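To start, I am sharing the structure in question, which I have written as structure tokens.
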Amino acid sequence: MPASPPLPADLHEQVARALREDLGTGDVTAALIPADRSARAEVLCRQPAVICGAPWFDDTFRRLDATVQIRWHVAEGAAVAANTILCELSGPARPILTGERTALNFLQLLSATATSTRRYVEAVAGTRCRILDTRKTLPGLRTAQKYAVLCGGGHNHRIGLYDLVLIKENHIAAAGSIAAAVAEARRQVPRLRVEVEVENLEQLRQALEARAELVMLDNFDLERMRAAVQINRSHAHPALLESSGGIALSAIAAIAATGVDYISVGALTKNIEAVDLSMRFASAAS
Amino acid sequence: MPASPPLPADLHEQVARALREDLGTGDVTAALIPADRSARAEVLCRQPAVICGAPWFDDTFRRLDATVQIRWHVAEGAAVAANTILCELSGPARPILTGERTALNFLQLLSATATSTRRYVEAVAGTRCRILDTRKTLPGLRTAQKYAVLCGGGHNHRIGLYDLVLIKENHIAAAGSIAAAVAEARRQVPRLRVEVEVENLEQLRQALEARAELVMLDNFDLERMRAAVQINRSHAHPALLESSGGIALSAIAAIAATGVDYISVGALTKNIEAVDLSMRFASAAS
Amino acid sequence: MPASPPLPADLHEQVARALREDLGTGDVTAALIPADRSARAEVLCRQPAVICGAPWFDDTFRRLDATVQIRWHVAEGAAVAANTILCELSGPARPILTGERTALNFLQLLSATATSTRRYVEAVAGTRCRILDTRKTLPGLRTAQKYAVLCGGGHNHRIGLYDLVLIKENHIAAAGSIAAAVAEARRQVPRLRVEVEVENLEQLRQALEARAELVMLDNFDLERMRAAVQINRSHAHPALLESSGGIALSAIAAIAATGVDYISVGALTKNIEAVDLSMRFASAAS
Amino acid sequence: MPASPPLPADLHEQVARALREDLGTGDVTAALIPADRSARAEVLCRQPAVICGAPWFDDTFRRLDATVQIRWHVAEGAAVAANTILCELSGPARPILTGERTALNFLQLLSATATSTRRYVEAVAGTRCRILDTRKTLPGLRTAQKYAVLCGGGHNHRIGLYDLVLIKENHIAAAGSIAAAVAEARRQVPRLRVEVEVENLEQLRQALEARAELVMLDNFDLERMRAAVQINRSHAHPALLESSGGIALSAIAAIAATGVDYISVGALTKNIEAVDLSMRFASAAS
Amino acid sequence: MPASPPLPADLHEQVARALREDLGTGDVTAALIPADRSARAEVLCRQPAVICGAPWFDDTFRRLDATVQIRWHVAEGAAVAANTILCELSGPARPILTGERTALNFLQLLSATATSTRRYVEAVAGTRCRILDTRKTLPGLRTAQKYAVLCGGGHNHRIGLYDLVLIKENHIAAAGSIAAAVAEARRQVPRLRVEVEVENLEQLRQALEARAELVMLDNFDLERMRAAVQINRSHAHPALLESSGGIALSAIAAIAATGVDYISVGALTKNIEAVDLSMRFASAAS
Amino acid sequence: MPASPPLPADLHEQVARALREDLGTGDVTAALIPADRSARAEVLCRQPAVICGAPWFDDTFRRLDATVQIRWHVAEGAAVAANTILCELSGPARPILTGERTALNFLQLLSATATSTRRYVEAVAGTRCRILDTRKTLPGLRTAQKYAVLCGGGHNHRIGLYDLVLIKENHIAAAGSIAAAVAEARRQVPRLRVEVEVENLEQLRQALEARAELVMLDNFDLERMRAAVQINRSHAHPALLESSGGIALSAIAAIAATGVDYISVGALTKNIEAVDLSMRFASAAS
């Protein structure tokens, strides 16, 4: 994991949209604070977590008032203990109050995904197995969530329908066989890697024969996974094996021990347990 | 709860954005299916759930190909048992495959919120207490999540910073007192209801004196909540009392029994446990 | 009225759009001025007016060239005499010339609404009656006009179809009675206030029985208004009474004297008499 | 005037934006009407007016529900008497109720401009003088208002800063003389017509010598206008003369009689007196 | 040609869109460079060219990181020899690497059009004939290409369907005659110039009789062009004559010698031969 | 090449934008044609070409008027002889005239890229070498051009900065060595292929040792390319070799004969020679 993965091009749009939906016709409560009042605040994380989302947090306030200062105490992707101060803010009170909820919503969401990812990553520590995300994401937030998975130490499976060929049952049926489907994919989009989803060991052999670079083992039990790893290793053109399908955190270590290369976990991005954050204000004077 | 609450104006933007992030430069796998191939599929819900999101699901396919037919078997907001067929799709195979993930992402997300809300609503059944959401939402998806809360039988707290005055510690400090803060709010925005967040019974009394329409009891224990309900009932200008703050599902019934009017639950929208859905394809012929 | 009401979230979009429609493929006349020429100018208001729109005015120039300096001599919402200098600008000549018309268009429009509002507000001075706007606004400019009404000392009725339940003839017919319509509204959207539009005193009584928070008296004459105020005051659950319907400025004082709480005036935002502004340039040197 | 002038490319954006600002999180009142209820309604114009804006009106409902039928009784640009039925609508009740205000807001605004324009046009009837609009428009609505001016029988001055060179005092000062400013404009943008704003007859002669195609007579009195027309007619290269500057409707005929070619009137688009329209519903049955 | 023509209002949108399509989910390679590394680079032009596009180039980097410094050695619209250093960049290494390709894509495209234009302009040097562009442009880039034509010393024909009336065969057939078509155009849009496309000398005479301001000679050979110039010069109301239709650079001088006023060249904007640019990095230290 | 590659998600935006820039305030010339006039037209290709862009062409007319019928005679990606009728249009005359230029601009641009690509593809016919595009594209049109390359029989190199790691001189310098740079890339983004740009055979060996999947041979002459192919084939982990850098069509066959896997050609997308198309109208009757 890089200290800080590349930022997506639509970060600014995500922040602008979030502010628009919260601000609407204007913040009626912040108007109760005199315009020249300044404030100091800090963001407290009440639970152990992996912190992620600082660029979204910062951009929220920058759009409201470029003079708000934010000083981070923890690095993007860092694991913190409960009751850690994450950052301090200072500047005019109104924009700090106006941006508080939007900025925290990004931080608690992306830290949730990073934290959840880190738990899975730690469960496979010591093996060469890696944790992958999926396309089961929150609509409109995919790039942010994929970034959070990287901050958590996981890796990104395909971003969308355009950057990997993933051959499933329908495509095999349409092409007539795994071999035919892979061949057609190679002909159409040679620049991309090809993955084949298989349901049994016979399909795995066909996928390997077709020289798929990745093979997804769909709902295999541990014994069949081990068999799959054996078949793959002894093949002239081994693929990367991905274990997929409704996998609980408690089962991860055992799956990693089978020797598969990847475990993909939809739960990383489709389930969210927001990290418990709050903003605390110091007494302020104008 | 209405059978189907009003749809937000940004529904179409949410769907367009979600398709854009998934499709990118084009669906390279659907291209393996002949263009004239038709398909039939059904969406299966593998767990008990409250179903929500059909307008988003439908719009996803309508944007890809207006000839895809969708027949729903369950109404928006209906509770279903595990392994219920939710709807059937028929039409050209490619757009059905291309839209599958985006459409399911909306359905599993919004059904999750509706389902979670229903659990809280059922926990207060038989009392007059109502379940409220908060502004702790997923950025860019607030209107969709607020809609899902209604489908689940909950009610919407303020949508954003613009449709309720919520007076907190900062505003009270700036104004000098609760009375002064409420008076200033009345002067500035008479059209909106005013809520005051209080931390003790003395502040509650001040808020009632100031004729706030809602009072948020921040982190009160059960005993103090009961005292608050008493004070409120015997006041000449009783307010609606909202219990707020880190409330677990197991504690809901006891809180409702204190006589508070509302319990607001951030978990409804900030935490997501995606409903387990899948699309199953029938064998297809062109 | 606050010195300066909250700014709407779409202010920046409104300015960007206005500049786009005026600039098009580029300002061909400003190109006649050397690029390094500087200029000083002032905005003159030729008539008595309430000034409103400075944030839109400022944002226009900031987008064109962040080095243009603007010094305001009057506060947002201030009433000025004829021939008052509102502000001074200095900086590079080209962006000042390019932004002149767009910036003035915002200022003359929003000051027009603020000025018109102030006239109505003054007509009810000394009574407890308040002036409300309506949804009869210029498409795409609603939030700006609602802001201008606040600057003029008026108050905002509902912003759109989403922040108040306004029960009219159609809804009463669909529900069967005022009581049934209000009950259904309460069931569907308990968080919002409910207003009922009534056409006679009998309907008023029904609306009060149904505990509507607001009642709109549609085209009542003064006598019936007075009767309505009496009925309302002697009711156990009095509502706020709104007088509505084609009301001329000359009739306002008499209506306010009846004791109604609000007079809503479509003319504030659907009719515009632009305030007479011009920009005057001092002799400039590079 | 064409029966129906060309439609601007941003019509659809204007309608989408207007619906967004009115609908917000959803129409809470329309939800009180059963989803399967149908309705019939008609739009009544209560005053004599020139009708304009049907394409915007129609597009509003088409976006909400493509099954709403609209039958127009009057043509775009037609003059109607008071209490004329403009069009009839039929279809599902909810989208008709939801779109009512937005559709009427466009129609009352654009008909206002068309009606006002027609009055000025009629004041110059029988002369060869034409009525022009200006760039003093409502931000974001310029193309719609320019269209309304055409519907009213007026003509469009420049649309923005990009389709005519309009040389004013600043440009003359920067170039050193009218001749130099026009020459520079010709060199830079030969494709566009050049207009010069003049303040006296000597400047008029210089502008004619420089072969400007249009000359704007800024705040000339009638006598000087007549002199200007004489000078222009006897010149080898006569220009089109435009009378400009704070012109009241009552003064138009006298100005047109001086022989000027154009009178430009800022009031057409910066002042709005909304046409009095209402939608009346017939009793409906599902 | 001005040293620097007016900039189009959609410049910022063009740059934002270009960055979005290149950056997508983030620059994965720039992340290999430490975040605190600085860099210095220069843009080299490997061929003789007219340079155009600096405002687009600059805006690309400004959006990525406002601290990147760019020092231009050549003016917009200047002709440079092969192997000229155009500008130097310094600042943080990551944004310079990330923006490199997008910035160069603008510069190589717009310089291509400016360079091509300059060749045509030089081919008519010494005559009064001018080179015009057309509407055969790259979709979404018209304003940028029209700007590049100006930088190259050419002139802009109409920008779009809205700023000139161009009467062609279809319109003549619909109106019945050239005279009728021009008369109708005058009636509908008096503010705009009218051009008539003619296919023979008889049509030219009709167009002159109708007082068209411009006449397009469609696919005339040199002899007929000379005849057209004669007819036009001896007419009481001569028009500007435009030679149009598949014109090669080698034929330009001979056409200009016929005395036509304009030669319009689709090739300027529909054909692109990108100027050969590269960015060279100096050794960098943090 | 698929008969028709996947369509990019931003196709609709590209068309809407192109129509907006051409239509502006409205098509003033089409208004000369009666609104009820119908027309029939055909698109003629005057030169041998590979046709590409039908989905953009169709969408242009669909947005203007959904009743325009288009019947294609040639398939997307088909090679046609000079003077081939590509498609026929019929429907209301106005939208056909209004959309003509925008639709043809897409078709002549994308067919140009497809045609150019086909020439390169044919030059390597019989070898296993494939033609790749680059990121040297027209800003805002990348996805459309990448699609056109596929239609021409070429293949897509990376779409943007996000779907391949391309290690160049700067990254190697920052990391210290090719091995270190590749290792860091693997650590950061294991899901993506890694390509290394090398300038000599020693760097090639290092890249192969580092197990890069692709190696770009930057400006190698034929002899060194052959040596590179030898080294690569005899290596335990051969990569795909890409020949890059200023490659003329005439040199392609010789390069392909060296045995490299890919030749990337910036000219495919940065240079455009628009295909010569025109729309011809049949005589029309209402």
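Order of writing sets the labels: A, B, C, D, E and F. Residues in every chain begin at 1.
One rule holds in what follows: a residue touches a chain if its C-beta (ideal position, glycine included) is under 8 Å from a C-beta of that chain, and two chains touch if they have at least 3 such contacts.
This is a predicted model, so every value here is computed, not measured.
Undergrad: Going by the stated contact rule, which chains contact subunit A and subunit D alike?
TA: Of all the chains present, those in contact with both subunit A and subunit D are B, C, E, F.
Undergrad: Counting residue numbers used by both copies over all numbers at the interface, does the subunit C-subunit D contact come out same (over half shared) or different (under half)?
TA: Same residues, largely: of all residue numbers at this interface, over half are found in both copies.
Undergrad: What is the distance, in whole Å, between the centres of subunit B and subunit F, each centre taken as the mean of its C-alpha atoms?
TA: Between these chains, centre-to-centre, one finds 44 Å.
Undergrad: So how far apart, in whole Å, are subunit C and subunit F when each is placed at the average of its C-alpha atoms?
TA: Taking the mean C-alpha position of each chain, the two centres sit 52 Å apart.
Undergrad: Using CA atom averages as chain centres, what separation in Å is found between subunit E and subunit F?
TA: Roughly 23 Å, centre to centre.
Undergrad: Find every residue in subunit F that makes contact with two or more other chains and list them.
TA: 2, 5-6, 10, 23-28, 30-31, 143, 159, 161-163, 188-189
Undergrad: For this entry, which pairs of chains touch?
TA: Pairs of chains that touch one another: A-B, A-C, A-E, A-F, B-C, B-D, B-F, C-D, C-E, D-E, D-F, E-F.
Undergrad: Report the residues of subunit E in contact with subunit F in the complex, numbered from low to high.
TA: 10, 14-15, 17-18, 21-34, 37, 39, 56, 93, 97-98, 101-102, 104-106, 108-109, 135-143, 159-171, 173-175, 181, 184-185, 188-189, 192, 246, 266, 270-274, 276, 281, 283-284
Undergrad: Contact residues on subunit C for subunit E in the complex?
TA: By the definition above, subunit C touches subunit E via 19-20, 23-28, 30-31, 35.
Undergrad: Touching residues of subunit A toward subunit E in the complex: what are they?
TA: Checking each residue of subunit A against subunit E gives 2-10, 143, 146-147, 159.
Undergrad: Which residues of subunit B touch subunit C in the complex?
TA: It comes out as residues 1-2, 5-6, 130, 132, 155-159, 161-163, 187-191, 193.
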